Amino acid sequence: MKYYLEKIIEKIIMLIAFSAISILIIITFFIFKEGCPFLFKNGILNFILSPAWDPSTKEFGIFTMILGSLWVTVGALIFGVPLGISCAIYLAEFADKTIRGVLKPMIELLAGIPSVVYGFIGVMILAPIIRTYLGGPGFSILAAAIILGIMILPTVISISMDSIMALPRTYKEGSIALGATRWQTVKMVLLPAARSGILAGVILGMGRAIGETMAVIMITGNAIKIPFTPLDSVRTMTSNIALEMGYAIGDHRAALFATAVMLFVFIMILNTMVIFVVKRKN
Amino acid sequence: MNVRSKDKIARFAFLLAAMVTILILVLIIFYVLFNGLRVVTFEFLTSPIKEMGKEGGIFPTIISSIYLALLSIIIATPLAVGTAVFLTEYTRENVATKIIRFGANCLAGIPSIIFGLFGFVFFVIYLRFGWSILSGSLTLACMILPTIIRTSEEAIKSVSYTYKEVTYALGGTKLQGIYKIVLPKALPGILTGIILGMGRAIEETAVLIFTAGLSIHIPTSVFSSGRSMAVHFYTLAREGISIEKAFGTAAVLVISILIINSISYFIMYRFMRKYT
Amino acid sequence: MDKQIKISVKDLNISYDSNRIVRDLNIDVYANNILTIIGPANSGKSSFLRAINRLHDINPDAKVTGTIKIDEKDIYKDDIRLYDLRKMVGMIFATPTPLPMSIYDNLVYGPKLHGISNKQNLSELVEESLKAASLWDEVKDRLDVSAICLSGGQQQRLCIARALTVKPEIIMFDEPCSGLDPISTSKVEATMLELKKQYTIILVTNNVKQAARVGDQTAFFLMGEMVEVNKTAVVFTTPSDQRTNDYITGRFG
Amino acid sequence: MLLLIFISSGFLFGCARKTQSIVLAGSTAFQPFAEKLAEVYMEKHPNVTIDVQGGGSALGIMTALQGIVDIGMADMVKLPKEADPLTKTIVAMDGIAIIVNEKNSISKLTSIEAQKVFSGDITDWSQLGPKKGNIRVISREDGSGTRKSFDKLVLGKIKLTKNAMYQDSNGTIREAIKSDPNSIGYISIGFLIPGVKPLVFDGVAPTNENVKKGIYKIFRPVYFLTNGEPGRLAQKFINFMLSDEAQSIIKKDGLISIK
């Protein structure tokens, strides 16, 4: 009898996996179904390369927003990833159990704070500081990078920390037995071994930074022009979609979905680049 | 610079990084609680919304948030962990698994507004659920699926192969290997994924406006619309109705998340003691 | 000692996606005897063991042909249930593999897999198998301690005890003492000699002296082929093949 | 699929809508007001439940057209051609005030000056008054009712300046202007709070009374849209919206009643 139950449960797992995967496929199909007709009608190239976006005069070009997304995402990674990974290393290797027990739930708390709260903090505190001390409108790439960097910290920290802590103790003992210092052990043994976990953390964190809408809308100023300095205001692809989706009809709505398709491609490129860079490193 | 001092510098750098993160964390929490707690009274927690949120409390939104968070986790977790087990245990590393994993990564980056619209078109209209807790939870579940799948997969992969081999050598089946030793040992990683997923589900606004709706009443059934705390904060703050009440809602949200996280860690450590 | 055959192997071939690891192996393993298998690294010793409890099935690239009969039943043909086969054939790995649980949980893990849940039976099984593995006196009053804090030798004997809890008929040791100190090694060897009375034992070892001390029969494997098999005394005094002699006297390998 | 099993289980413990009910959806700006009036209406008619959702004017139009909702809400001066087949009822009006940071000494603006500022011809405060510093225009996002009305009534054919910044709700624009002394923008009159200073436009102060008197030009109607003749329940609610009691609540909350 036990083996029939076994077979049934394995079929159920298969069913679960396929239904979950089919949901992912349905969503992807939904995005492409709404966005692609517009792309084919207007041509992908001039949609991507023309900087003019003015729905009222049917001008749909998202070049400025692609740059905006790139700047903001890279900025968020510069702020979030090194800070996140080093904090994860500290918690996994250097902090003792009680500190870790207290800090981990608190850090994950950051993931639960509504992004609108981050947006407000950005508008009320961060933007004025940037405006007074660094000049420019205050609503800028820098503000978005800092806020998004903070928002992806919990994702990067918890996932990297778990992958470091999940390593078998023998890895660490082996290295220490050779007289390596804690830092050498981390650098030469633990980080390379936990690389796939840390990579997953970075990719999910990057996904979160790209996908963030509410906070970004409030603190980037959403100007539709090509950004030259980190202090310029900029509009990312995600904020463009979120900003205008409530009011978009017909072509305007299709253009926004086309932006979502481009975003999907943009994320795919970024993911492959990150995986490629990490694979080439060792 | 000899090895000893390099080690000291590195150790100091990591400590500094952790301190900066903690400082930011404390500042944000302090900012939210400082602005919010002034408004939070027992009456604020228990009375219904009045005057568009200018007066009255946020009790209905607390209930809606609990419904939405729990239901989305209950739907997403089995789907995600099942998929993670399937991808790591029952398929060999082939093109299909790579595409699925890659797709999950990309979907984790899709903005929530798109999930909101997907939920609106698919659950609210196509499946005729209307603006309801059910549409909201199903859409949230779809949104946090990629995160939980990825974290569970990493956790399962990190369980060393010898435990499975021992189980097989003792005559145990593949499935017994999974639920008797692999999943329990991978639980911390899976729980992290669930908490991150729940965190994202609780703080979500754009998705819920299009799917769970904005009703200020306590949801009587899965089919009644409900406004979550985050959505309430969103409307109060952005429509400029009342900043104080908005931050009051945010304070309650932050405290409830801290409680949920700590409880789930407490349960996990008690469960894990049996396994270390 | 009557020479009743427990396992008979007829022209067994094992290959991992096209490179052949074990070639045309024919051997009989006698019940209640210790067959020791010696030979240099990757001469197919461990792969042979894994063929007996069909652990190769997990690895899709592995291909096993030929027949292995246990008590006259062909384990790859007749409808032997895979899990009953593995229950019957216990296996101890080179490095001790305690599960990350308490000693007690390690030992009840096997029986629970097979549906035994009565508290009384389980504690009897635990005590009985620990005594058989001569570990009982050292751990009897700290059964809830985590298995990972035991010493290497104790951990290996715990693994032996754990294999015994599922009542196997055959126990296979895959270089069990490679990581152990001499005292622990002698304890493990003593346990094996004790177990010989009820179980059939196959011991793969690269420690030639251990084979001489413990083995009833000894087989010499080289590059995937069995060079010769005979009584241990014969193999160590008058080996029929020059290569065996070179290996035993340590001139190569 | 497994998903459907979950969904059907949802049916079990979810009871269908008990009483008669109508659903509204649309303009995020007017949603809170509509919700409050729905509460008042439900107190008077306990057996009716009114569900007020947001999602934006375009969603209001689309859902009304497809009959998903009983009443769609849109707050644009000129409704897009897609909305032509819908029957329109104006239930309230909302004035738009041009606002600056309260420390800004400017207190009035002519329509010509406003056009020049918002189109980028005038770029420095010194061209309008004693204060110096470049002007930072903050506008509502494209498509929002407030933006469309402002463009039509103030800018007319002129395009908005290229380096305008955008915020997507009254609350956030107000917050942005409160914190940036050089900024200028516009919000509903109902949302004015001490932190920002409304400007006199062509000599007329932006107050609801002046809009009612017809001397303040920048305002937009709030439409209730129904697909053909509204249902019996929907019509009763619309009549309630046009009643004196509802209009007085609208007036009290900062919008302009149509009575």
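Order as written gives the chain letters A, B, C and D; numbering starts at 1 within each chain.
Assume a residue touches a chain if its C-beta (ideal position, glycine included) is under 8 Å from a C-beta of that chain, and two chains touch if they have at least 3 such contacts.
Keep in mind it's a predicted model, so treat the numbers as computed, not measured.
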Both subunit A and subunit D are touched by which chains? B
Centre-most chain [mean C-alpha coordinates]: B
Quick check: more C-beta contact pairs in B-D or B-C? B-D
Which chain is most remote from subunit A in terms of Cα centres? C
Averaging only over C-alpha atoms, locate the centres of subunit A and subunit C and give their separation in whole Å. 51
When the centre of a chain is set as the mean of its C-alpha atoms, what distance in Å lies between subunit C and subunit D? 80
Between subunit B and subunit D, what distance separates the C-alpha centroids? Give it in angstrom. 33
Starting from the mean Cα coordinates of subunit B and subunit C, work out the distance between those two points in Å. 47
Listed in rising order, subunit C residues that touch 2 or more other chains are 83
Where does subunit B touch two or more other chains at once, residue-wise? 79, 173, 237-238
Specify, in ascending order, the residues of subunit D that touch 2 or more different other chains. 2-3, 28, 55, 168, 172, 175
Given the complex, residues on subunit D that touch subunit B span 2-3, 6-7, 10, 13-17, 23, 25, 28-29, 31-33, 35-36, 39, 51-55, 66, 68, 168-172, 174-175, 187, 191, 193, 253
Per the touch rule, the subunit A residues reaching subunit D in their complex are 15-16, 19, 22-23, 54-56, 119-120, 123-124, 127-128, 131, 137-139, 217-218, 221-225, 233, 235, 242-250, 252-253
Could you pull out which subunit A residues touch subunit B in their complex? 2-3, 6, 9-10, 12-14, 16-17, 19-21, 23-28, 30-31, 82-84, 86-87, 89-91, 93-95, 101, 103-118, 120-121, 125, 150, 153-155, 157-159, 162-163, 165-168, 181-184, 186-187, 196-197, 200, 203-204, 206-208, 210-214, 238, 241-242, 245, 260, 263-264, 267-268, 270-271
List of subunit C residues in touch with subunit B within their complex: 53, 55, 58, 60, 83-88, 90-91, 93, 95, 97, 99-102, 105, 109-110, 112-114, 146, 159, 162-163, 166
For subunit B, which residues count as touching subunit D in their complex? 51-53, 75, 79, 120, 124-125, 127, 129-132, 134, 138, 209-210, 213-216, 220-223, 225, 235, 237-241
